[in-house]
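These are the structures in question, set out in turn.
After this come two complexes, each holding chain A, first together with chain B and then together with chain C.
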Partner chain A sequence: MLGLPALATPEEMQAAMARITGGANVRRGRVKLQLPPLVENGNSVEFSVIVDSPMTETDYVKAIHVFTEKNPQPYVINAYLGPRAGRARITTRTRLADSQTVHAVAELSDGSFWSDSVSVVVTLSACIGNLV
Partner chain B sequence: METINLNRRSFLVSSAVAGGGLALGLQLPFGITAAQAAETTPEINAWVVIKPDDSVVIRVARSEMGQGTITGLAQLVVEELECDWSKVSTEYPTPGENLKRNRVWQSYSTGGSRGIRTSHDYVRRGGAAARMMLMQAAADQWKVPVNQLTVNKGVIAHGASGRKVTYGKVAAAAAKLTPPDEKAIKLKDPKSWKVIGKPMKRFGTVDKVTGRQVYGADLKLPGMVNATIMECPVFGGKLKSFDAAKVTGMKGVKQVLRVGDTAVAVVADTWWHAKKALDALPVEWDFGDNVKVSSASIAEVLKAGLEAPQAFVGNKAGDIQSAIKGAAKTIDAVYEYPYQNHAPMEPMNATARYTPDRCEVWVPTQDGEASFAAALEASGLTADKCEVYKIDLGGGFGRRGAFQDYVKQAVLIAKQMPGTPVKLLWSREEDMRQGRYHPVMQCKLTGSFDSANNLTGLHMRLSGQSILASVRPAIVEKAGGKDPLTFQGVADSGEHSIGYTFPNLLIDHAMRNPHVPPGFWRGVNINQNAVFIECFMDELAHAAGQDPLEFRRKFMAQHPRNLGVLNAVAERIGWSKPAPKGRFRGLAQMKAFDSFVAAACEISVDSTGNKVKVHRIVAATDPGYAVNPAQIERQIAGSFVYGLSALFMQECTVKDGRIEQDNFHVYNSMRIAQMPKVESIIMPTGGPIWGGIGEPTICVAAPAVLNAYFKATGKRLRSVPLKNQGIELV
Partner chain C sequence: MADAIVSVPASARPGEVVEIRALVRHPMETGFRHTQTGERIPRNIITQFECSYLGAEVFRATLHPSITANPMLVFALRATFSGRIEFRWSGDNGFSVTESATISVA
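Let's look at the complex of A and B:
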């Protein structure tokens, strides 16, 4: 397909997640996605992903992936970590195109995948109505 | 049995009230009342609380800012609830409660003329569900089938046995029942409405007239301090430094604080002491490059955009280039519309109290959830630790919904004084300097005619600022760089679609974004688009030697509802008969916010052409449904005050990168003596879509008056405000 779709859909997000996980089972837990439940306009939203992991040579977080359902494309960030990271924690900002659910997936050194999700309401959407 | 379970916070609050902490006897804001009500009185469902004495509290999510929306929303609920209107009052559930209850009250946004039209269905269902549960409770008590019961004004009756019971007596039992599936409820046929469509008296009028109404600017909390603030007057500039030592000794001054990167605030015992200190405070700004920008430099950029090769297309039909190339004659004109400020009577304000465990904000806001989001962000706390209490607004007009800068400022100040409530109130000057301005726009219109004087095409090239590029870039990205909102009133489809069909048409926008922060000013882009297209339609009619009404009708066969309101105002003004001597008429029409509106006016102009009197103005609106016709009349008249003040007297100009107009002596407003008589024709035609009321009519007054001015003088006015051409409203 030429160019990107106007906005991703939940299905496209699932497909993007499947490409990362290779279809492996993704379990809820061990991951904490910190995102406010309400944001004003979605232009710049701070979030953190914290994974419960000792981050040792034998037990660490390999990667943290964050996905959105309705942004122009589904990937927000793919962060690759290792034992030298010390802590499995990333904090950054993203733009949220509309009210939607954001998903964080952590890939551990044992090959398992864990996730968390937060639904975010973008209050400015209501003001602009059917343009969103 | 219910146990009354006062949590620590509401105990403290109520003891503050009892303890006379509020010396002036002002009421505490709504949020406290809701919390107490929830603890002592059963809610039937989220929308309806019925007290044992049969009084009814309707929960309202939207905000009251003088537009009468809470009364209209209550009418919608009460129609289905079938209670006694005289026993009804309203309350605001807090955004925090909404979040905790999975957004049971849905959107809090009060803007875009959306309050009633986007919530009418689910609030009616809320009322109906409550009615069904109350009746079921009575049926259970009497052990009869519920379909044998009737209800009227909150009294449930069982005809066969003659038994009666009021809502208050069955409320507790009803609250325990399983609610019905709201989607399956059948709502009343509009033909049988008894409350909707009636001119019910607005809530809150007596309090406003007697001064009991508490606005955010009036708020007093125990232990509260007062703050005022100045942000860098050149947008995009930064605060460099300030010399607090020069003012800390001044009377009442408690703190002089940096707020973010761009502002400095003074906190004092009283607002006046804070203001005096801030005025005396030496401040150094780093203005940045935008200090070079002026209205003249902006106008130059916009003018170039009128001829630029690239523009975003908003509406298109046929082939305008061919139509213009092959035309027997073309006429064109350039119009311009300035920056405008909301200038509500009540300047921006918010009161905040911060501790690491709790952040509370009291604020007049058009969107309680947006204020909540702003408090979350500024406090850095989690949602369960934050709360916002909504206060009725002393004017919103679009300044207080999408923009919560004053909330963030108040929280940032309160964070530096933990435990102390801080009331931040902007001065009028700050309110004028830190607006979110209606965007500046120029427009070049070209019409092409064939040799028989038929209009074959119209090109409308807009050049100017996009609101969404600044406020919501994600939408502009989604549209490939275009701002779809720019085409309000002349769009190709939707709630703002154009009210004409032309054989060849191009409406495009050369986006030019100055550094001045744009925002949603009542009506938004319909204001300038109505002037551009409705005045140019008159120019085209004149060029074709045709009557402006007859000329328009030729292009409206596919726009029956537009035609309906246009014909209504034309008939009422007496268009087909000559005007009284010395009086001249103009008209205009547009679709906006899913309502169809038109205006026709009658003016006189003195011999110099400089004094205009508007004798009559007739407005027609078809909003699909009219919930409160008395309120609609007042909204129409109020929108004309706003729109005609802008037409004659108002503009925000830029000098040295900042807005020049800093108070009402240079940003004037209409007076009662200048206000024309407004005749309203409210003509709802029903259908599947409900249209808005707050904004649509604002756009048709100005072009109607401009068109009448041409009739009176032969002079075409293409630039707003008219004071710049020496013209005044008398």
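Let's look at the complex of A and C:
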């Protein structure tokens, strides 16, 4: 019998986040997740993550991770950068299966983790589990 | 559409941070969808993207099924010397595409 895929739950997302951070404390701030609060079409949602960092040899962003609460699995992207990037900013596009909160976590060169999150209302969900 | 399209400024000043855009043609089939007869459509996604400049890695990303078809990535790079910027996408079913561009720094 057909069925929609089980959506990731917020708990699974928290577990995925903990695997990335190794259980380290994640503080809010220094990270800006730019995502529209109302999305008409969940098949393609452009977002940016900007981290407040000088991006020097000694003080830079090592990685930016993005997670969703209710897509079939919680990971969106793991981006690895460094001082050669010059600027801690990434932009890409995600599918969103449902209205949910999207989280961005940045890992800094000093080992600290910082985050931001945005609640998004999705009018037309991405056809992740639909028939084709 | 070519398999990959990259946007790199032709020239930059030393130390200038420039924006790089990379787009590749790919369905990013999630592996969560089914056909009308109930068969699961196998996952077929790009899992890895890498960008190197003058032979050194600048940016790397692991992509997951949430990323849209024809994935677009925009990131930054600090221009230091004239040279090649190389892009590589790889993924399921042996998918591999490379592209390169040159930047003139003066």
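Operating definition for what follows: the second predicted complex is superposed on the first by the 119 of 132 C-alpha atoms of A that agree within 3 Å, B and C clash if a C-alpha of one lies under 4 Å from a C-alpha of the other, contacts with A are read in each partner's own complex, and residues count from 1 in each chain.
Everything that follows uses one rule, which is that a residue touches a chain if its C-beta (ideal position, glycine included) is under 8 Å from a C-beta of that chain, and two chains touch if they have at least 3 such contacts.
For clarity, every value in this text was computed on a predicted model and none was experimentally measured.
Figure out whether A:P72 sits in contact with chain B (first) or chain C (second), or with both, or with neither.
both
Is it chain B or chain C that touches the larger share of residues in chain A?
Ranking chain B and chain C by residues of chain A touched puts C first.
Between chain B (first) and chain C (second), which, if any, makes contact with A:L124: first, second, both or neither?
In the superposition, A:L124 touches chain B alone.
Could you say whether A:Y80 touches chain B, chain C, both of them, or neither, answering first, second, both or neither?
Touch partner of A:Y80: chain C, not chain B.
Taking the superposition on A as described, I'd like to know which of chain B and chain C A:R95 touches: first, second, both or neither.
In the superposition, A:R95 touches chain B and chain C alike.
Determine, under the contact definition given at the top, whether A:L38 touches first (chain B), second (chain C), both, or neither.
first
Both chain B and chain C touch chain A; at which residues?
In chain A, residues 43, 71-72, 95-96, 127-132 are touched by chain B and also by chain C.
Taking the complex as given, what residues does chain A use to touch chain C?
1-2, 5, 43-44, 48, 55, 68, 71-73, 75-96, 127-132
With touch defined as at the start, can you tell me which chain A residues reach chain B in the complex?
Where chain A meets chain B, its residues are 6-7, 36-43, 46, 71-72, 95-98, 121, 123-124, 126-132.
For a test of understanding, state which residues of chain B touch chain A in their complex under the given definition.
95, 99, 103, 107-109, 111-112, 114, 118, 367, 369-370, 372-374, 376-377, 383, 401-402, 404, 468, 471-475, 477-478, 484-485, 494-495, 520
Spell out the part of chain C that touches chain A in their complex, as residue ranges.
17, 30, 32-36, 38, 41, 53, 56-68, 71-78
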